[in-house]
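Multiple structures are listed underneath, in structure tokens.
After this come two complexes, each holding chain A, first together with chain B and then together with chain C.
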Partner chain A sequence: MSQMTEDDIYRTSTQYRLWSFTRESLASLRSTTNASAADGVRAAIRSQRTGHAGSGTAREGSNQKPSDPSKEVDCLTVEEEQKLVGFYCVKAIQFADFCEFPTNVKATAVQYLKRFYLSNSPMTYHPKEMMAAALFLSTKTENHYTSLRSFASKLPKTTPESVVAPEFLLTQGLRFTFDVRHPHRGLEGGVMELLALAHGKGQADPESKRSSEQIQEEMVDIQPAKESSKKSRSADDVVRRIQAAHGKAKEVGKSSALLTDAYFLYTPSQIWLSSLFLADEPLTRFYIDTKIPKPSTLKTKLITTLQACAKLLGSSASANPGEAEIKALTKIDKKLFKCRNPEKVDLVGINKAQKRDSEGTGDNGLDEKVIKKRKMEREKSEKEAEDIFGPTLAKEPK
Partner chain B sequence: MSRAPARNGAAPRRPGDEDDICPVCKSSRYLNPSMRFLVNPECYHKMCESCVDRIFSHGPAPCPVAGCARTLRKARFRRQTFEDLHIEREVDIRRRVAGVFNRREEEFESLRDWNNYLEEVENLTWNLLQGVDVKETEEKLDAYKEQNEEGIKQNAAIESQENANTEAQFAAQKEQARLRREAALNEELDERREKEEGMREMVDMMAKGDGDADTIARESQKVVLKKSTARRTAAEKSRQQAAAVPLFSIQGLKPLTQAAPEKEYDPFGGYAIKPEYYYLRDHYEHSWLDSARSDAQITAGGYDVGEYCARAMMEAFGGLGVFVQDEIGGRQMRAEKGVGTASAAAAGGGGEEGVDGDVL
Partner chain C sequence: MAISPVVTYDATSNIKVTATKAKSLAVRTNSISNAPNAPPSKPEKGRELAERLNDETKQKYVKDKKLGEGTYAIVYLGHLRADHSSLLAIKKIKVNTEYRDGLSMDAIREVKHLQELSHPNIIALHAVFSSKNQNLNLVLEYLPLGDLEMLIKDSEGIRYGTAEVKAWMGMLGRAVWFCHENFVLHRDIKPNNLLIAADGEVKLADFGLARSFSDPYRPMTYQVITRWYRPPELLFGARFYSGAVDVWSMGTVFAELILRFPFVAGNTDVHQLELICNAIGTPTEENWPGVSKLEGFLKYDKAATIPVRGKDFYLSKFGTAGPVGVDLLMSMLALDPRKRCTARQVLEHKWWSSDPRPTAKEYLPKKGGGAERMGEDLKRRGGEIEDGRGEKVARKLNFDVGKS
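Our next item is the complex of A and B:
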């Protein structure tokens, strides 16, 4: 019988295997994505312009040099991209709140967006469209049924087609991994155990000789979270304190934990402990002490990791962007309008063309030649399928 | 049996009835022609039926034979099978031991093991027969019986099944032979009767005097011959049918082995979760957990709060000791290159490059 620890189980998840990064690898991944997307944008714009020039302005502008597009097209930087994606993450949360979706749907949608924009740039696919697709996909993966029609009707300027059009792109960007491990249920579990400790029914680790009553007494003596606040006097005070910390940590888990890169950099278990750390540090330290009583490398590492994560969670911008930020965002959006990849603007059209070439026409992103070739191939294979003796054998070369 | 008819009205003789005087009451067959002798497998002392009735009908009593004094019960008295009481005793003991040590050859891995087992059993039996270490041996026997109760029962069932099968087969063969004999007898009778009839007809014809005696004799001979051949072929046919259709028995069939009962299905394929950082408690207090526990709407669907608690605790500490910065750093290269599928890679970073290639 093989034994697996909780850590081993977490290591089997796709979140660990595909979607965990170091800070450096995350930054380099984003910059390569940005660079390749910018190249794509420039190439696409250039090809568009030369196409126009060839057809319309051949006579008058023949002696004009084609201008260097890299000078004209001012692409977004990584930071601007991040800001834009972050803004649409906030939008996604707000819209999910409007639709009264549960927390897990919200959180999954935001993570889908974040994951998608690791390997794709807002210059290629606009986050506004991806946001709706991500949210709709997450209602499906999180088993919260919503009809496509009612979902689309709640968003302005959105049709059911435009919601599902980028869906396959999105799943590709997610590498077909839909499972997101959230810290929310873990927080509930941790609070359940903390409450058990506070009620004098908990159990510390087997090595320590402390009884549950002793732990209960010790919990009363924990330093208050802020120096100004009062010391707790009874077990009931401790329970109230835990509940307060729980509420704060929950808020952190719903907002900054989602909007920062915490999911990429830390495990869900560390994230909820950090949010509890933010809410009530002495209590969290005490809790960790009951788990790992002896000073060890694991403990020091865990504490430093939690502190770093708490810092990250605490530093995040507020969920509602301020005036200045809105201004900056509009500026970015205007810039994006100029540097969008023209080939990927009409996602609905591309989706249609890829699905069934009979519906799509040549101007919908796909080449007419390609469509014709596909159609020929399909007809040929259908014909061959009807032949009971199979297709004719290829002739041997003489 | 040969001398039985000489004694009119006497019970059929059985082995052991030779010395016709009961050792207990000294009455002889001369006085009591229907006297029968019984033995008790406790001590194998012989006594007549009336003695058994007299001494043991009020419950267990000591054996009346001088110097024996074993307590005997009436129920266990029986007629002896073998003339020699030593053999009777040996057969009894062997039967008892074989009832307990009824392992079968197919249970053993090798022939050597099977033979070793047989030798061991024979040693035990011999000890019991010869009265060597009887107490120890009996203890061994009892211990084995207790340990292997289930197996003994199973093997006994298999054996009785086999016995029943062979008996049924034997009976079927016997029945077939009887039918064959009957058919042959009938055939013979028919043949004789027809012969006689033919004779009679011939005589009648001759008496009427409708022709030459010789021709009549020849004709009738022919008729008889014809009939007998027809009958013979019919009998042959029916015999073939009888052999083909009913009472068909095959010998040498292997006994059906019962399939081992299926193991309980383990959805985790032998893996077990061994939590490092927590102990799952039976009951957690949480305001909404309590309402879920008592709400019929939730519990009716089979929702188990315990399952939720286990999952919450599992998620609370799954990955607590996983330090992404350290662990992922080592496989950074793979993480960057290892895109899930080729098309995903194309859709991700590589999509724009494809366009590049077309243009340039």
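Our next item is the complex of A and C:
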């Protein structure tokens, strides 16, 4: 006999099957990705140089001494990659807010970015470009479709072409799984249950002998969230307390829950319970007691998990990077400019070429014009990459 | 994982399953630590992990001959490279040159939902891969025995009775229940989207219009579900609706299985509503509180109002289902979506445990093969075009912001 619980449903989800990790497996995946991208960058730069030397004029060749490029190219570390991706996750949230997209669109876009960069490095694909693609894809997958043209017009320096060019890469990096399970719905359900309990209408675990009135009274006596906070005196106070905790937990759900590795490490239920835990621990413990009244290893485990998750959620980088952070990021981006994979800079060009191949026109022989045009596009996007923290992003779209 | 909330009489899975909607705290005791998803093999220079994974997947399958063509895809027969006897359907999404907004909504919806839904009565998606030129390929289970529409229409070649209808409806009911349990609305249930596996199992397919109904406060489009199977609330332009829309479609499929022709087959949306009024009753504030506030509500002449049909009417039309079956049919076709039964209630209905028992799937009538059948099929296809059956009402969606 089996029961289909939320937990069972979650276990069949791709989020569980493909996108759940231990801290160790997550770290190892990221360092593998980083190492392999760095190899790619070095190889590409090497071949570009030898390419130049081989075909180029003597002057060009003599300018560059053949040397070991791996010594010259200073690649990003995993930490630097993480910082950069994290920054663009924040940007994605800000743009989504600017466009007034619903929470799900924004939350899904951020997870798309985080998932994509588990198997891809910013050295290969710049997060600035992936961000727009992720946001646009999530408007489609979360049923909030806006036409590409109007979407692109809302983002600075963005063309419809540049939004969809990386979409294919993105979907491949997402392993063609588009569903993201968020903690929001669970939180709403939990808060509704808590409110029902506070109104004397709720039910505890069936084995518990407490009446709803008893529970209602007990709730008034729950320890205050902080030592400094006032004690509740009435059921109305309890309701206000629940609402306050709800508000705080919701904020966590919109910021640190998205920006940390919470989705990779914990289930949606664990995340919303931990957000509530962070907002009001005694209240959350009370809630858990109504569900699992008796001490058990299961309960101990749950509390331990929630504490760890709450710690992660509480530690998160702010959704609004300060000046020092921006400075550090600018430094990383400068470094990135020198270690970007030159073969993957021009996503629009690559995308066009692939599409062209599919139409069966040119085999591999791109004609001169196309090559020239692509070269120009590439140079243009290299220039743009430089002022990445300049006017494009420093100015808030308000 | 449960495949039905109630006792099933399916020959293969005679398990008692009670799926309580226990709001259990999803406690994953040890799940994270034995999480699947080990990072795949050694890195290979210069090629991204995702690209390699995709190629590995692609290498596993071989495409054979073309099986058919749909609105947005071409379907091929295929097999595993390692096992030539394994049969698969490979659905290659057409690159729509008209559509410049990247991956189309049809494809996204189908992939998104089929990736998540794993159930014996829902077509299985084994893998997704892209070919070099950015085409998406869906590797689906091969369902060689056509669809329910073929069986319904072949009234000379195929005979069936209540026990068979019960078996098919049971499989459909479990599929829809499972979708709803996973917060997915199918929004295009019709006989043509109910494909049949080699062993007779019915599989709900075509999730190109499906969506999740996670947020009850966000409007949705009412331009969904092929007209004959579309419930009155959508015809009235409701933007907030529930799983009840799929239950209505199930009801019309149930009726069609018995009648062997579509129950309410309108030529236009207005005509469709007219036929519903005639067949079931005129929606009024009395039988459906709030209906007059729907955007597209059509006020009917008081004199022309047809009272909601009683059980006698249904018994005269659908008597073969028996009084209990008729009772189920009526509750699926309630005008007011709030009074319509849910997919779970459908499965909990007495009809399933009353006589006759549903036919075991291996004894269900099957689409015949061979040359004679081919002729039939061709005739059917011809007729399809003439009577406008191929019309794709719901395919083109209104993509206004927030209304899909």
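We adopt the following convention: the second predicted complex is superposed on the first by the 345 of 398 C-alpha atoms of A that agree within 3 Å, B and C clash if a C-alpha of one lies under 4 Å from a C-alpha of the other, contacts with A are read in each partner's own complex, and residues count from 1 in each chain.
Operating definition for what follows: a residue touches a chain if its C-beta (ideal position, glycine included) is under 8 Å from a C-beta of that chain, and two chains touch if they have at least 3 such contacts.
Not measured: the values here are computed from a predicted model.
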| item | value |
| --- | --- |
| Simultaneous placement of chain C and chain B on chain A, clash or fit | clash |
| Contacts of A:104 with chain B and chain C, given as first, second, both or neither | second |
| Chain B versus chain C as contact partner of A:187, first or second or both or neither | first |
| Touched partner set for A:16, first chain B, second chain C, both or neither | both |
| First (chain B), second (chain C), both or neither touched by A:159 | neither |
| Which superposed partner A:223 touches (first chain B, second chain C, both, neither) | neither |
| Touching partner for A:77 - first (chain B), second (chain C), both, neither | neither |
| First (chain B), second (chain C), both or neither touched by A:143 | second |
| Touched partner set for A:195, first chain B, second chain C, both or neither | first |
| Which superposed partner A:46 touches (first chain B, second chain C, both, neither) | first |
| Residue range of chain C overlapping chain B upon superposition on chain A, of 75-83, 111-119 or 165-173 | 165-173 |
| Residues of chain A that lie at the interface with chain B and also at the interface with chain C | 1-7, 9-11, 16, 18, 20-22, 25, 28-29, 32-33, 36-37, 39-40, 43-44, 119-120, 124, 169, 172-173, 175-177, 185, 189, 193, 265-270, 273, 291, 298, 301-302 |
| Chain C residues touching chain A - in the complex, by the definition given at the top | 1-2, 5, 15-20, 22-29, 31-33, 35-39, 43-51, 53-54, 95, 100-103, 105, 108, 111-113, 115-116, 118, 128-130, 132-136, 181-182, 211-212, 214-215, 218, 220, 399, 401-402, 404 |
| Chain C partner contacts - residues on chain A that touch it in the complex | 1-14, 16-22, 25, 28-29, 32-33, 35-37, 39-40, 43-44, 102, 104, 119-120, 124, 136-137, 140-141, 143-148, 160, 163-164, 167-169, 171-173, 175-179, 185, 189, 193, 265-270, 273, 288, 291-292, 298, 301-302, 351, 354-355, 357-358 |
| Chain A - residues contacting chain B, complex | 1-7, 9-11, 16, 18, 20-25, 28-29, 32-33, 36-37, 39-41, 43-44, 46-47, 119-120, 124, 169, 172-173, 175-177, 181, 183, 185-193, 195-196, 199, 201-203, 264-270, 272-273, 291, 298, 301-302, 305, 341, 343 |
| Parts of chain B lying in touch with chain A, wherever the complex brings them together | 270-279, 281, 284-286, 289, 309, 311-325, 327-329, 332, 335-336, 338-341, 343-344, 347-353, 355-356, 358-360 |
